[in-house]
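Before we start, here is the structure in question, set down as structure tokens.
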Amino acid sequence: MFFVFKAGIEDADRERLLTELRDQGLRTLAVSGNGARAHALVGATSVLEGLDLDRHPWVEEVIRDAAPYKRASRALHPEDTVVKVGGVPIGGDIFIVIAGPCAVESEAQVEAAAEAVAAAGGRGMRGGAYKPRTSPYSFQGHGALGIELLVAAAGRHALPVVTEILDVADLPHFQNKVGALQIGARNMQNYALLREAGKSGMPVVLKRGLCATLEELLLASEYILNEGNDQVILCERGIRTFETATRNTLDLNGVAWLKHHTHLPVLVDPSHGTGLAELVAPLAKASVAVGADGLLIEVHPQPAEALSDGRQSLTPDGFAQLMRELKPFVEATGRRL
Amino acid sequence: MFFVFKAGIEDADRERLLTELRDQGLRTLAVSGNGARAHALVGATSVLEGLDLDRHPWVEEVIRDAAPYKRASRALHPEDTVVKVGGVPIGGDIFIVIAGPCAVESEAQVEAAAEAVAAAGGRGMRGGAYKPRTSPYSFQGHGALGIELLVAAAGRHALPVVTEILDVADLPHFQNKVGALQIGARNMQNYALLREAGKSGMPVVLKRGLCATLEELLLASEYILNEGNDQVILCERGIRTFETATRNTLDLNGVAWLKHHTHLPVLVDPSHGTGLAELVAPLAKASVAVGADGLLIEVHPQPAEALSDGRQSLTPDGFAQLMRELKPFVEATGRRL
Amino acid sequence: MFFVFKAGIEDADRERLLTELRDQGLRTLAVSGNGARAHALVGATSVLEGLDLDRHPWVEEVIRDAAPYKRASRALHPEDTVVKVGGVPIGGDIFIVIAGPCAVESEAQVEAAAEAVAAAGGRGMRGGAYKPRTSPYSFQGHGALGIELLVAAAGRHALPVVTEILDVADLPHFQNKVGALQIGARNMQNYALLREAGKSGMPVVLKRGLCATLEELLLASEYILNEGNDQVILCERGIRTFETATRNTLDLNGVAWLKHHTHLPVLVDPSHGTGLAELVAPLAKASVAVGADGLLIEVHPQPAEALSDGRQSLTPDGFAQLMRELKPFVEATGRRL
Amino acid sequence: MFFVFKAGIEDADRERLLTELRDQGLRTLAVSGNGARAHALVGATSVLEGLDLDRHPWVEEVIRDAAPYKRASRALHPEDTVVKVGGVPIGGDIFIVIAGPCAVESEAQVEAAAEAVAAAGGRGMRGGAYKPRTSPYSFQGHGALGIELLVAAAGRHALPVVTEILDVADLPHFQNKVGALQIGARNMQNYALLREAGKSGMPVVLKRGLCATLEELLLASEYILNEGNDQVILCERGIRTFETATRNTLDLNGVAWLKHHTHLPVLVDPSHGTGLAELVAPLAKASVAVGADGLLIEVHPQPAEALSDGRQSLTPDGFAQLMRELKPFVEATGRRL
């Protein structure tokens, strides 16, 4: 349940009502709708149903919404949130494409990738320095050095960087360097990491877990928002189903559902979502059409020699062609690329 | 494995080589690539690998393709198949929208629906007369009478009809009346029904089963094709996953994959695929963008009073708006509506 | 909702109340609890809630149960149903093992299998004569001849036969020959086939579909029960999930849930449920322990040469060992083998 | 691939061969088979296939095994590993039942639970002090204080404690207090946490993720084993599927498969695996029969008032009855309770 204070109610009065509500065992959450006047109430249904806030003289509006996510909900925050990643606005009029290699492998590789991304009209760069790998014996990424190489290459082409963090202890290597922290599918419910990402105040790209429901994704984002950090971008990257012809099943239903239920921006990663380079372009177009705010795309100078995920990476030429092909679809949505 | 006879090889010689191959335990399937000169070979891998057809003087080309679907494969039939449903071509330059109610309920209802579909630019009408219902105590449809009502209403607006058949014994009620038989998700592997649909020679819309793999869908189509009926249209209508926020998970990866691996046309049903009227438009646009050849959409004059599936049905106004919104996306694909 | 007439209410009075209920738009279903005095009511919730049957002078008891399956429910039929397959009681004190090859291949093969099954203590024989195959180019079974061979071999060892029917038209080949019709996973929602199986009056083994919910399985059984045939045996045979290490995921939760919610007997097929011969024994024991009424097991004289499913078939020796190993687990449940 | 040095080869010689292998780009892993003489080789298939270790004079045996988990594999370590949790051996002749409440709520609650567990023959106590909750607004557990209460209560009844760790920073609150760290389903691929759990040297109960494959579970265990900690216990707790009648789908196929492929002990948690108290007993029995080494069971003095998971918790009486009912099944496996 949400309620909005009338404009002009004094701070002391507001606090008085909030305390009264807390005394009934409810949690009160400041949410970002209607200036700073909106609050969500979380607690036992029986208590919530017994309240009579609708007639309270200081209350402008009560919105009954049973969804357990509060700060992420559109119910009181109907307008889209725009998150700025290194100056690039995500969630607004521009459809944002962020691209780059799965893993940072070498200086030459990230330079070639950054050049290709910028030349084709990409507005941000992705790339893994700390790599979450299913096996401890697989390449684990170059770590802090990888971030240095990635940030340097991207910087030469004026691209902000989005890259994954696996361990709270590594946070200093990301701060003041990367445009956004990425929290990957495996860590979507690593609450210690979500809280620290929230406290960092940095923009966060939160990827959906392989078998996370949409509600669980929004509740995971709520851990970040609850630390006072509203710079959260969601990302659909495919879920795990019985189908094995594609690496994952990209859930575009989920993207449309998210745009309906939350004000946070939503990206799609068709590279992981399909696992097959030849399917990236059609699913990228579909992501545009379904209403996503942008894309994460894997681009590698030599996909066949990539240390990971080569099968799903586009070449620089393939990426340039994708950007040309996306244009009419982006324009059909009333946005620009 | 496929091979193509050289042009000009005489029938008797062809038959001689085919017999020789059959004597080795292989099955030979005439497929529709390269005129009537192409054949698929099905059988034990060891036998297939031992053949030396590449050097055979009558053989123009050998294509090694491990996929178990043969007649549906693009390997020897690279050009798209166009299926005509009552004169309407599916799989060509025109993006086809077929719409109508979940179930035929009354003469007035189908008339209102047909009028709405035609007015907005739909090119075919859907509607269930024989309804597959999870419970034997739910409304089972009006049967043969339902088909009469549907065909009459659609005919007044020059729309061909697509409607589901559940039982081979009902076939006479469909023949010479409907434009295409629909085989529903529950019957995708009802081989008796697939074979009879094949023998009928009528166009068939074959819907993917709720947990059928893409390969199983193509193999089910192969049962129809194998009866000499190449008028098969595939339809993605959502698969069953762990996600419950939407009724099903529409697998647009699957649509792109199918367009890559088969020459048969592919429709998408975003009404069943999402189960939520408010998500039909974004997923319809995404289906256009991903490369589908058309849509099946549920439209009902009064969704709130529908006997089934009201939650996912568009109103006539909603449908007209959808058609307007689809236009720029269809044009972005180089097709027309 | 269910209600039970008091004992001694006259037929004409009963019919009067039933007609009254039907006039309110409800469907009345005779169910087998409390002699012939129990009825289920199916219809709109609003109508059901408005009834005041509890105080009706002819009514002994009203049971409010929201489950949509009525005749299969334990709510009014708490005692287990025992189904007799060729004289063998399934669902009672004896734990029943039915075994045999995936497909009937030859007279010698079924004779060897029947001998092995009987010698080890199996009480019924399984084997496919009409085979549902994913590809039309795979071996489709020997059909009516296969049934002859199977029934003859099983008969020599006094075993009743359970075998799959795919097509209503084949029913005469099954009648007066086999002990029970099997309806396979692919046809669980082939309603035309379910209805005919119901009308046949023969015992039916109904296998759960690969992605059918437990409620859908019970509703499918309701199609058979609704034709007046209460000789239905359910079978869990594994569902389709993301896990690929095993062929399917055997849902033993589902078996316990079914035993809780229905009075019908439940078998388990660990051969299809695992797809791996080395996992059949542990899962067979687990099926006993979880409360199943019996097993379907694939046994083949030479699994390595089987035309289908060899990887999951036991040898005669392996089957004999399984039967010995099952004994203490069956006894731990208070049953005998 | 694995190889084993002959007995009597000197350390310097061993190191020489290992260095030679590393120089070819391979990783060499000491594994626990055949004394300290066994090693696994991880690296490019082409390099592995080119080796000729079989004829090397210092090498006793080469085992070609393509599985990517090496230290967890049974290939070179056929005998079962027994892990001691506070003196209680898991994986040996005794079937171990560990029970307790979902969350530590109060001193009285854990005391009542500990008493019930010990009285009925449980050999360890479970209970959450740090709770991973889908929503940040749900009860998060009493943290360090919760561990104090749990350890004190369990200690009074001579039960070692298994409890979940969410954050590496909390490790000091677990060390020298609890018998085993639990890593929950949400953190199965939180590699930072796995590595620290490995370094701690404490026994670890690693729960399978909701959509983790069995191979991924073994590879997650490999992160712990790779830190030199071989005290790892796996736990199946249900996977996420389309079925919603039960909270999860308990994958007993997976337990049998794991016992076949790894030497590590395997527990089952039928409380989370079913989500329904009335299904815990049948699935517990099935877990015994399928070959699990023990159980995790939720027991709460007043399930109806539990702060979390009350629907799946047994009462003390229900737990005592379960233990009595398990006995004959445990004995049927040749073990004791």
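Read from first to last, the chains carry the letters A, B, C and D; within each, the first residue is number 1.
Going forward, contacts are C-beta pairs under 8 Å (C-beta built on N, C-alpha and C of every residue); 3 or more make two chains touch, one makes a residue touch a chain.
All values reported here derive from a predicted model rather than from experimental measurement.
**Student:** Treat touching chains as neighbours and tell me the shortest step distance from chain A to chain C.
**Tutor:** 1
**Student:** Could you quickly compare A-D and B-D and let me know which has more C-beta contacts?
**Tutor:** A-D
**Student:** With residue numbers as the basis of comparison, which of the pairs A-B, B-C or A-C duplicates the interface of C-D in over half of its contact pairs?
**Tutor:** The C-D interface is reproduced by A-B.
**Student:** Give me the C-alpha superposition rotation for chain A onto chain B, in degrees, nearest 5.
**Tutor:** In short, 180 degrees.
**Student:** Since chain B and chain C are copies that touch, is their contact same (over half of the numbers shared) or different (under half)?
**Tutor:** same
**Student:** Taking each chain's centre as its mean C-alpha position, how far apart are chain A and chain B in Å?
**Tutor:** 36
**Student:** I'd like to verify one number: the distance from the centre of chain A to the centre of chain D, where each centre is the average of its C-alpha atoms, in whole angstrom.
**Tutor:** 33
**Student:** Which integer distance in Å separates the CA centroid of chain B from that of chain D?
**Tutor:** Averaging C-alpha atoms per chain gives centres 48 Å apart.
**Student:** Could you pull out the residues of chain C that touch at least 2 other chains?
**Tutor:** 211, 240-242, 244
**Student:** Over in the complex, which chain D residues touch chain A? Could you list them?
**Tutor:** 27, 29, 42, 68-70, 132-137, 166-169, 186-187, 189-193, 210-211, 216, 219, 222-223, 226, 240
**Student:** Which bits of chain B are touching chain D when the two form their complex?
**Tutor:** On the chain B side, the touching residues are 211, 240-242, 244.
**Student:** Please give the residue numbers of chain B that touch chain A in the complex, ascending.
**Tutor:** On the chain B side, the touching residues are 211, 213-215, 238-239, 241-246, 248-257, 259-260, 273-274, 276, 278-279, 282-283, 285-291, 328-329, 331-332.
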